[in-house]
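In what follows, chain A forms one complex with chain B and a second complex with chain C.
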Partner chain A sequence: MKKGNISKRKRREYLVAYAFILPDLIGLAVFVVIPIIYAFYISFFEWDFINEKVFVGAANYIRMWKDAGWWNAMLRTLKLTALYVPSLFCLSLFFAVLISTVKSKMGSFIKTSFLMPFAITSVIASTLWMFLYNEKRGYLNAVLKSLGFANQKFLGSNKQALVCVIVVLLWINLGYNMILFLSAIKDIPESYHEAATIDGANRWHIFRYITFPLIRQTSIFILVTTTIASFQVLDLIMVMTKGGPAKATEVGALYIYDRSFNMMEMGYGSALSVFLFLSLLVFSFVQMRATSEKEERI
Partner chain B sequence: MKKAPVKTVLLALFSLMLLFPIYILFMSAFKQANELFVVSLWPEEFSFDNLRLVLNSKFLNSIKNSLFVSTTVTVVAMILHSMCGYALARLEFPGKKLIFTTIISTLMIPTTTILVPLFMVCKGLGIENSYAGLIIPAFFNAYGIFLFRQFYLDFPRELEEAAEVEGCGKVRLFVQIVLPLSKPMIVPLTIAFFLGTWNNYLWPLIINKREEYQTIQVYLANMVSGYSTPWNEVIATAAMSAVPVFFLFLLLQKQLKEGIKVTGIK
Partner chain C sequence: MKKITALLMVLVLVFSFSACGNKTAQEDASEKTEKNDNDTKVIKFWSFHAGGEAEFLENVVKEYNASHEDVQIEHTVVNQSDYTTTLIPTAYANGEAPDILYVEPATFTKYAEKGMLADLSSYYTEELKADILPSALDAAAIEGKIYALPIEMETLGLFYNIDMLKEAGINPPSTWDELYEAAKKLTTDDVYGLVLPVEETAYTLFNWWPFMWMAGADVFAEDGSCMVDSKEMITALDYWGKFYQEGLSPSSLQIGPWDIGNVGTGTAAMQVSGTYVINAAENDYPDVNIGVVPLPSPNNNSMTVAGGQKLAINAESEYKDEAADFIFSLYGSDDITKASEWTTEAKFAYPARQSVIDNNKDIFESGLRAAFTDFYPTAIPEPSYPAEVTDAMGKMLQNVMFGGVSSEDAVKEAKQAIESAMDK
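Our next item is the complex of A and B:
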């Protein structure tokens, strides 16, 4: 009798659990898993969205291999990542360490100011910075002029455009990552610092041997997420430069977008998506591997 | 303690630098069109012309759409993910590990790489150019599930046990006891989902071509996509569309700061 009761209760628990999970499971399957599988499938076809799909085997991947435009775009993605990720990492860590020592009311004001740009959406940020970057009459050029510098083209220059985009990215994301570091720093017991100070450690030593090792988890998290995000920067570029001038900001994600939605080359666009997906997968795997190896050494 | 003020002053100055573009945005919204590019810290003549110009039906409609879409996404996502997270953390059922691994592995799929096929799936379902297309795909985010699960793993078991002794079923237990106590996770995730959806530009751009369902981000971005940009309108529109989120931000900044700690997501 008792046994029967338990199994009946268990069965009810199973039922409730599946009912709780099912909506999310179906949704993820339809809107995340099926699309990635579908992308893989479509990448073996030629399809302009209007006519019938034509099976072309690996032709899209062979085309990608020979497509100089694509590799140049991927190179720009790597350049953006190489510039953006370390600068965001260092700046947000630097400011987090500084702010962690500010105890007054000022600290709250500073934190809020750092976070304000994060509350602005990327499209608003893009239009605002286009205004500030304006070639002829923008605020930034006015400031430069008053300091005695020549007029700069900013987004209109193929040398500066990518850096200009990165500046906006930093402006938006600095506060957010700074807060992440800050809360990790706050979790370190005060007594560690006190003990080190008594032992005669200076500020750099405290940072190098206490703070930095103890916030490793957060560091890894920020490195991995910003790297993945930097591979996907698309909205800012689409609004501010559309890949220009002279393709100077045409990154991999934008190249895929153009192929797929402007040139209607769904098959080729999917092949590029699959490639980007796999390289991100490898990249984050390597990054996690590298950081966990370091962990073992320490 | 001696050095603290210098550092604080420098930090405050840098904060002002970060705020400066935002200040320019709001200040310029009150400038007259011909004064817009005159570099100054205050409008020569305070004018509401631009604001009046942008407060047209298209702008208001796109704000309404963004509010509707973001709110719906957030509410439904909270319900779905808290249920799913709770089941994964606290209920026993066959296949739990497999299901959890499957859900977590979808985190590896970056959204931009599935834009094309996601669009095709939605087209296949017939939800393009509709609210459904804007809203439904935005629900499903394994991070939300994952964070709810983490939260419920640390949830005190005694409460549930006590309720069960009194013969309370699992569903009632969840709705009446667990959910009201989930605020520490619901609040930050609500902010994250709302901001994320409100901010989203690419997906609404791709899935919807009809003006009546246009979101504010698409509306604003379209304004600067032509050959000549009506800057006075753009700046005023950008300023106006920043207001709802800024309002939310200033209202909830403490929760936001906490939330970033908890969720680590945007």
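Our next item is the complex of A and C:
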């Protein structure tokens, strides 16, 4: 027994493996990790892009603490997350289960049409939906009118605007998450379903006790990635409302953009970004912890 | 066979993308090699224009480059929304900012106060200073030093659909009451009475200033104190807010509020917009009868606001003299052909120089332009405030327009924000 001596073959395998991963790692390091570290660094300075950076210690963080505008923006972000994540999760799961029962040709047509919104850029999706949401000439109000309802303001109403943005987000991302669920569901062996049906289980029982537990990994993945994405929504809002009306859609990411570029306060913007990053980190950690604990209990 | 066809299609796609990309990269590369021999000074000039304006710029740059061996202007076009928000500050941060750039009231003070713009006072001759309209020169100066070269003045007016108003038996409004009544009468399920800007942007403030001034209000008083909470400001806010609160003006817009398509496509009866849409009104909507009148006023004191781009030079540029030579030869020299061409052919705007107006009377008196020329003397240059002030003012407007906040509360909040920003 030779201890500590990795065979030549094994070593070469590792080398090849790392060589394949290296390009991606470098990309990650340069475009993700280093900018994050740099943002940490700048958050301790005052910087307006032009002049020298001025070291101000924790001043930016103290300012953030007292900044009512920021906390309002974070509240709106949380509201968006609270409405968007559960809806996306349930809807994509629901459609995935539904489609998993459809046979071949119809199935692939449906899958393609669900996935199409994901393929167009968010700017085009926003423009498309602005047409639909248009108060006097839009398609949605035309339908509502024919059903006897009054014209809705949609993006022009500070009560409805955020929900309207969420609807567009759902429309874009439903297909992608549905496909993820679908592949997870397809991985479950048919024999499980057959056995359960023989034992007298109905569709709901099958879903709750067989399907849902077995797609846990995918569920967690979708939950965490959707939450992270919902904290970062910016492009849709920039195109559709620019944070309006009267700040109804000004979420954290937009607030950071505004401070950093319009007010040219990059140091403060970086501090806010760092906070957003850390809170997302905590959020995701808690989410993963909560969902893995359940597994141990079974 | 299926696999091969699929592979072929992918290859074709990839090649067509790279071919498109390579063409422009090659053009750039060869241009650069031409310019970079023999110590030619390359001056970077970034613009965001399209159409006729872009053609004008391409031509003048080519002409200048042909007649100057030692100085070459490298003109790049970038998109407008990036230009005014993230592009310029990031370029400065990277040390890659252009030598010549455009500034507008929303960015002028911001950039000048941070030392981004070169002092151009020495390049102005006394004749030029006398020729430039006093208000335009004031707007380009901070504490006596001139940091930009005004090239155009774009003013606002009230555009309207002549036929729609005639059918409803309404005369083009000239007072605030008439405007309100007209908007109310003309608003239907399909049509907005009056289109005003909606989003919290510099453009919305641009439209707001004349309304504020006509009510007798202003942000700062003569002595520099903040008078945002005056009762005149409240009057102006109440009036402006009414249009949105009562649904006479839209709460969200598909196309820009400046886009004359709002009136042109029949979505609105009236619209506040500027000299910059006259060409579009005449060319894109020839079948719609569009007229323009001065902005209605409360006390027979109609006035309008004059915005427009200015040219500035990067304070960190190595070739300030050469850059100045280029822009002053276009817009600041005794030969006013180029300056005239810019505001009469490339686009329509008012020039910043009296001599150009005098020399092109026939253009300034034709069609919709005549109306603008009439009320041109009432134009006050768009103010250029620090970012914190415009932020507070924008928020104040949004609160009243859509936030259900009373004008009294909105002005109080704005005053607090402005005063604490001024204290810093």
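Note that in this section the second predicted complex is superposed on the first by the 267 of 298 C-alpha atoms of A that agree within 3 Å, B and C clash if a C-alpha of one lies under 4 Å from a C-alpha of the other, contacts with A are read in each partner's own complex, and residues count from 1 in each chain.
We adopt the following convention: contacts are C-beta pairs under 8 Å (C-beta built on N, C-alpha and C of every residue); 3 or more make two chains touch, one makes a residue touch a chain.
Small disclaimer: the values here were computed from a predicted structure and weren't measured.
**Student:** Please work out whether A:Phe261 is in contact with chain B alone, chain C alone, both, or neither, and reply first, second, both or neither.
**Tutor:** Both chain B and chain C are touched by A:Phe261.
**Student:** Of the partners chain B and chain C, which touch A:Tyr38 in the superposed model: first, second, both, neither?
**Tutor:** First partner only.
**Student:** Who does A:Thr101 touch here: chain B (first), chain C (second), both, or neither?
**Tutor:** Only chain B is touched by A:Thr101; chain C is not.
**Student:** Report for A:Asn134: first if it touches chain B alone, second if chain C alone, otherwise both or neither.
**Tutor:** both
**Student:** Kindly classify A:Tyr18 by the partners it touches after superposition: chain B alone (first), chain C alone (second), both, or neither?
**Tutor:** The first partner, chain B, only.
**Student:** Which of the two partners, first being chain B and second being chain C, lies in contact with A:Ala58: first, second, both, or neither?
**Tutor:** A:Ala58 contacts neither chain B nor chain C.
**Student:** If we overlay the two complexes on their shared chain A, which of chain B and chain C does A:Val286 touch? Say first, second, both or neither.
**Tutor:** neither
**Student:** In the overlaid three-chain picture, which partner chain does A:Gly243 touch, first (chain B) or second (chain C), both, or neither?
**Tutor:** A:Gly243 contacts chain C only, not chain B.
**Student:** Please name the chain, chain B or chain C, that touches the greater number of residues in chain A.
**Tutor:** Touching more residues of chain A than the other partner does is B.
**Student:** Can you list the residues of chain A that meet both chain B and chain C?
**Tutor:** On chain A, the residues that contact chain B in one structure and chain C in the other are 130-131, 134, 137, 242, 261, 266.
**Student:** Can you check the complex and tell me which residues of chain B touch chain A?
**Tutor:** Touch list, chain B to chain A: 4, 7-8, 11-12, 14-16, 18-19, 21-22, 24-25, 28, 37, 39, 80-81, 83-84, 86-88, 91-94, 96, 99, 102-103, 106, 108-118, 120-121, 125, 136-137, 139-140, 142, 145, 169-171, 174, 195, 198-199, 201-202, 206, 217, 220-221, 223-225, 229, 231, 234-235, 238, 241-242, 245-246, 248-249, 253, 256-257, 260-261, 264, 266.
**Student:** Touching residues of chain C toward chain A in the complex: what are they?
**Tutor:** 85-86, 89-90, 92-93, 110, 114-116, 189-192, 198-201, 250-252, 254, 267, 387-388, 391, 395, 398-399, 401-405
**Student:** What part of chain A is in contact with chain C in the complex they form?
**Tutor:** Touch list, chain A to chain C: 48-51, 130-131, 133-137, 151, 153-158, 240-248, 261-264, 266.
**Student:** Where on chain A does chain B make contact in their complex?
**Tutor:** That would be residues 10, 12-14, 16-18, 20-21, 23-25, 27-28, 30-36, 38-39, 42, 95, 98-99, 101-102, 104, 106, 109-117, 119-124, 126-132, 134, 137-139, 142-143, 171, 174-176, 179-180, 183, 221, 225, 228, 231-232, 234-235, 238-239, 242, 253, 256-257, 260-261, 266, 269-270, 273-274, 276-277, 280-281, 284 of chain A.
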